[in-house]
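Each structure below appears as structure tokens.
You will see subunit A twice below: alongside subunit B first, and alongside subunit C after that.
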Partner chain A sequence: MCIPHFRYFYMQEICEQYRGLTGRKVSFMILLVVLLSGVGLIALSQGASSVGLKDSFAALFEDSGVAHAIVWKLRLPRIVMAILVGCGLAIAGTVFQAILRNPLASPHTLGIGSSAGFGAVMAIVFGGGLYKEYLIAGNAFLFALLSSSLILGVAKLKRSTPETMILAGIAMMFFFSSLSSLFQYMGTMEEVHEIVFWFFGSLSKVGWKEISMASVMILLPIPLLLKWSWDFNLLAAGDESAKALGVNVTRIRMVGLVVASLITAGAICFTGVIGFIGLVSPHITRMVIGGDHRFLLPASALVGSVLVLTADTLGRTLWAPQVIPIGIVTSFIGVPFFFYLLMKRTREYW
Partner chain B sequence: MLRVHGLHFRYKNIDALKHVGIGLNKGEVLSIVGPNGAGKTTLLKCIVGIVKPDNGTVLIDGKDTSRMKRLDLARCIGYVPQSTPSKFPITVFDAVLMGRRPYIVWKPSERDLEVVADLLRSMGLEDMALRDFDHLSGGQKQKVLLARAFAQDTDYLLLDEPTSNLDLRHQMEVMEMISGMVKKKGMAAILAVHDLNLASRFSDTVVMLNAGRVFCSGKPMEVMTVENIRSVYGVEATINQNDGNPYILPIRPVGRLKK
Partner chain C sequence: MELLVIMKRTLIVQVVILFLFCLSVPGKAITGQDNRMELIKVQDAQGTTLEVRLPVKKLVVLTSDALEIVRALKAEDLVVGINTGIVKDPLFWPRLKHRPAVGRWSEPNYELIAELNPDMVISYARHPGAEMEKKLMPLGIRVIRLDFYKIRTLEKEVKTLGRILKKEKEAKELTAWYQRKLSWVREKLKEVNDRPAVYVESYTGYHTTGPGSGGNEICVLAGGHNIASNFSIPYPQVTPEWVLANNPDVIIKATSLSNCYAMADPGPLRTTRHRIMARPAWDNIRAIKEGRVYVMAGDIWTGPRAIIGASYMAKWFYPDIFKAFDPKELHREYLERFQGIKYQGVYVYPSL
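The block that comes next holds the complex of A and B.
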């Protein structure tokens, strides 16, 4: 094909501009990685025992000693889990918002958080024995999936419009919250304490075993979601356009819901309810780099990780040795920040 | 060649389409006209496969579309809906690049980017390539959606009221882009239109739908008659000729509408 010179010139210029924009998105992600490493190093050096930055960094590569034990058994698992959980919640939130085409969708507004919470409550009240920790996590996981399959069921019966699914999720949230409240109302002091603790969210009890289980559930589906990022973009343009461009809208909505619920369940079953991350991470990221899911998914995962790790580090250093549960810190930081973004917004939903 | 045979579609116990048949060849523009609720949009959605008809077939170059894979169909027929939701920000370039979806596996190729850039340039959208789609005017948005459909590089293009809500200048520009593309690439386009004069001027064939049935079809001059407009729209009109095209001037509503 022979293209006249001027036409070719314009074409290249537009492509060049577009590539520049892509470059900026990549730089944002690199910046996030640097930020995450920075916060990670700070987190590594902070704690009840006085093992400083230099020592703890050195202890990473040692085989024994007190510093080694503190870093590898206490601090590092916490940091890794914070990164994992933040990544998982943010990815799940981004996917929920994309498939339901709704900026309010998130693991918690869809009722998955509160039903997982109820699962944990049930295990706390009725369970016991040696493996109680795992019983709680397992039950939370099961209930997280239960609520999303209920949403799926409603969507299958009535046509699967995003609105139906959101409303079903909100109904689910109220239902399970009130069930949990009922159990708290009737529970013993000890149980209530444990329940409240779970609903605050905590990273203090995680070890490498929990991390490996959570990472399978959180990291394994990510390549699939990245492959779908193009289809998520098309869903934003409306079901009809997406179908006409060859997207199997019903399937991607159903499978997307299941996968995002799995990720959510994996993220919260060991740590309890960490609110707000799934909702705000995609919004913050969208403000900076726009709505293209090829970049939005990985970038918002990084934003989620930075947020959770920062919140946890603040929570255990601000009033040290008193540790503030992470769920409280994320809400304390997250809510004002979110209001700030809402005030600053230039469009309906950035 | 696109052929629609005996298309029947029921929606909530109402027959939205009853035994509809149309056909058009490459290089032609066909307009579907008719009052609100006549089934124009439903017909387009059935053809492009967004909804499944209860009966009837759609043949593209002799192939039954109900047996085609979704992605293959997306390489044959493009569709521009009447309105597009916009909840999340997207640049104009990305919005047009979406049209390349049927050809992209993991990431868009150099060629995909060039196709988009070339379209933006030729449609006068190059200055807004990186702007947010939502910040455009109605006319500009319609052009971007049109560019997306062109980027899809299909032989057939369906457009649902491409000129509604546009000012005069944009109406003309959009219609000329469509007819220009049809001629240049030997495509075929089906338009659902409200404006009878635009339909007459730009189409080779006009199909007049009434209550889910094809009331009549043919060349604009044959379809746009005083009697047809009276019985389908319930409107008295005068029809003049202008350059061989009928020019319809509606006067007043008459009688009661029969459905």
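The block that comes next holds the complex of A and C.
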């Protein structure tokens, strides 16, 4: 008689605990959304011109004028692109870490960033004409795919362990970085300067056309990834267990790699190298809300967006009118924050 | 006994004297040769005083800027080694293109230099690094660092090179020409009060030129007010909004296109200008509204020909004052008189 009652009580407690944990996760995401909107508002109101927050809002609904141009053509594209890039890098990082079951995985450490970058640089240097944007994006994706399939191929050939993939990725990173450097070394002055701009990472050249292309590449695959979040969760238990629980491990690994490559290419091709975000955003999020991918994926996307937007806003206001390149700022704010969390954490998250 | 000792001593003294004499003979011969060689003291671009042994008969020139000055001083024949970039511009260097290349200006191949065994290597003040002296000095090769790309120090450096190459007369001719042209521009700009606000963009997009950069130097020389003149670094990155907020009257874009001398079609420069004019929201900038956006090739932007770039700028800033002046003719005069090649190529867009 006692046992069912006890069991019932036990279940209730578990359910409550679960609800409590979920509540924590949801409130973290709400907090991130609030934070992102706050930083967004600050970014909207800050700039070299005298257009402040009030004017910006007024200008949002105007049809013409300088304030309208500043808000609609300069500040908003920057903000939107920062959010997109941060979201893309963080999501890609989360997926890479899940499918390779490795905390070191990220678009850059896997060499996908370097190869997408090399593709973009190649299109920047050799491409031209009206469709240059498409060429850059397409080539970036092509090279991202090339290196990710190479990594997959190597892994398949030599039994697919996450370690081989990471090693192959690191090799890939060095290879494509060297190729880009070779371009720089052999290139004419003009090409070198285009490449330098790209390696600094910058949101200055971004317009709505680039944003629409990047958002297709970054946002469209996200629902698909969310759908797979249970599979990603099961992968964490190891390949054997995941297989036993009905996950097609090989398939999810392959499709995940392709989708994350597409997202990486979208995040990188128009803005250049913005390092570190893809690696730390998932870790930061995991330290706060744990490893359930249903929450981890959207939350780390938000963390990435907040980081990139904050970095860009700081980069263009701290030392105004001089701009500190965004790639530098992301490391400056990301690394100390990451270390703080690393020191403070009480249990193992990985 | 005592006599013997004295004799012995004398013998020793004699032997020693003889020995010393023998030693001194070749010694004297060396010093004699030294006297025939002249030692001069010069100051390089870093302000270091160096002793240089004259005459310099074999020269490796690592920078195209220095090579241009060497040619202007009519010392082309001394050049035994050049950088690999020279070979890519054969029309501009008709007589030097076949000299052996010793690598990139920033990373020469020291083995090749050693093989050519020159008396002297000319390079920029900062590139390559100090390792060049470490490698070449023990081989008896003098390294001299002269920039030739800043108008401020150009005359001094030309004179220094003139002394080193014993081409003082040619150096004087060139510096006199520079002085004449510069003071003419300065004289013309004396009465100007209302200086146009100028946004100068260097080779990389949205990177402007602050104090300490060559771009700022020629912009100020040409009578422009560089909107980045109060910055703290030479090549800062800026936001498009900052340019818009400062609403410049003129925009100058430097392009690092190479081979402008061999170029006949202004297409690439036109594309650069078109891209700048199409930047988002920039249609609100005065310079773009009035079409005062000018693209300038790197050849006349910094380097020995910066004065030609500055002349173009002066004409763009003050079209009325410089109505009768054609910078192209200045360029032609420089190329034909000092470089011994005919004028050709496309260097600016739109052309005047």
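Definition applied: the second predicted complex is superposed on the first by the 315 of 350 C-alpha atoms of A that agree within 3 Å, B and C clash if a C-alpha of one lies under 4 Å from a C-alpha of the other, contacts with A are read in each partner's own complex, and residues count from 1 in each chain.
One rule holds in what follows: a contact is a pair of C-beta atoms (placed from the backbone, for glycine too) under 8 Å apart; a residue touches a chain by one contact, two chains touch by 3 or more.
All values reported here derive from a predicted model rather than from experimental measurement.
K.L.:
So, A:Leu74: does it touch subunit B (first), subunit C (second), both, or neither?
P.N.:
After superposing on A, A:Leu74 lies in contact with subunit C but is clear of subunit B.
K.L.:
Can A:Gly23 be said to touch subunit B (first), subunit C (second), both, or neither?
P.N.:
The answer is neither, since A:Gly23 touches no partner chain.
K.L.:
With the two structures laid over each other on chain A, which partner does A:Gly207 touch: subunit B (first), subunit C (second), both, or neither?
P.N.:
Only subunit C; A:Gly207 stays clear of subunit B.
K.L.:
Can A:Gly52 be said to touch subunit B (first), subunit C (second), both, or neither?
P.N.:
A:Gly52: touches no partner chain.
K.L.:
Using the touch definition from the top, say if A:Tyr10 reaches subunit B (first), subunit C (second), both or neither.
P.N.:
First partner only, subunit B.
K.L.:
When both complexes are superposed, which of subunit B and subunit C contacts more residues belonging to subunit A?
P.N.:
Per-residue touch count on subunit A favours B.
K.L.:
Determine, under the contact definition given at the top, whether A:Gly290 touches first (subunit B), second (subunit C), both, or neither.
P.N.:
The first partner, subunit B, only.
K.L.:
Please give the residue numbers of subunit A that touch subunit B in the complex, ascending.
P.N.:
Result: residues 7, 10-15, 17-18, 21, 97, 101-103, 227, 230-231, 233-234, 236-241, 243-248, 286, 290-292, 294, 347-350 of subunit A touch subunit B.
K.L.:
Across the complex, what residues on subunit B touch subunit A?
P.N.:
45, 48-50, 70-71, 73-75, 77-79, 81, 84-91, 93-95, 98-99, 101-102, 104, 106-107, 113-114, 116-118, 120-121, 126, 129-130, 132, 134-135, 148, 152
K.L.:
Under the stated contact criterion, what part of subunit C meets subunit A in this complex?
P.N.:
Checking each residue of subunit C against subunit A gives 203-207, 228, 231-233, 236-242, 244-246, 255-258, 280-281, 283-284, 298.
K.L.:
Give every residue of subunit A touching subunit C within the complex, in rising order.
P.N.:
Against subunit C, subunit A makes touches at 47-50, 66, 69-70, 72-75, 77, 188-190, 192-194, 196-197, 200, 202, 204-205, 207, 316, 320-325.
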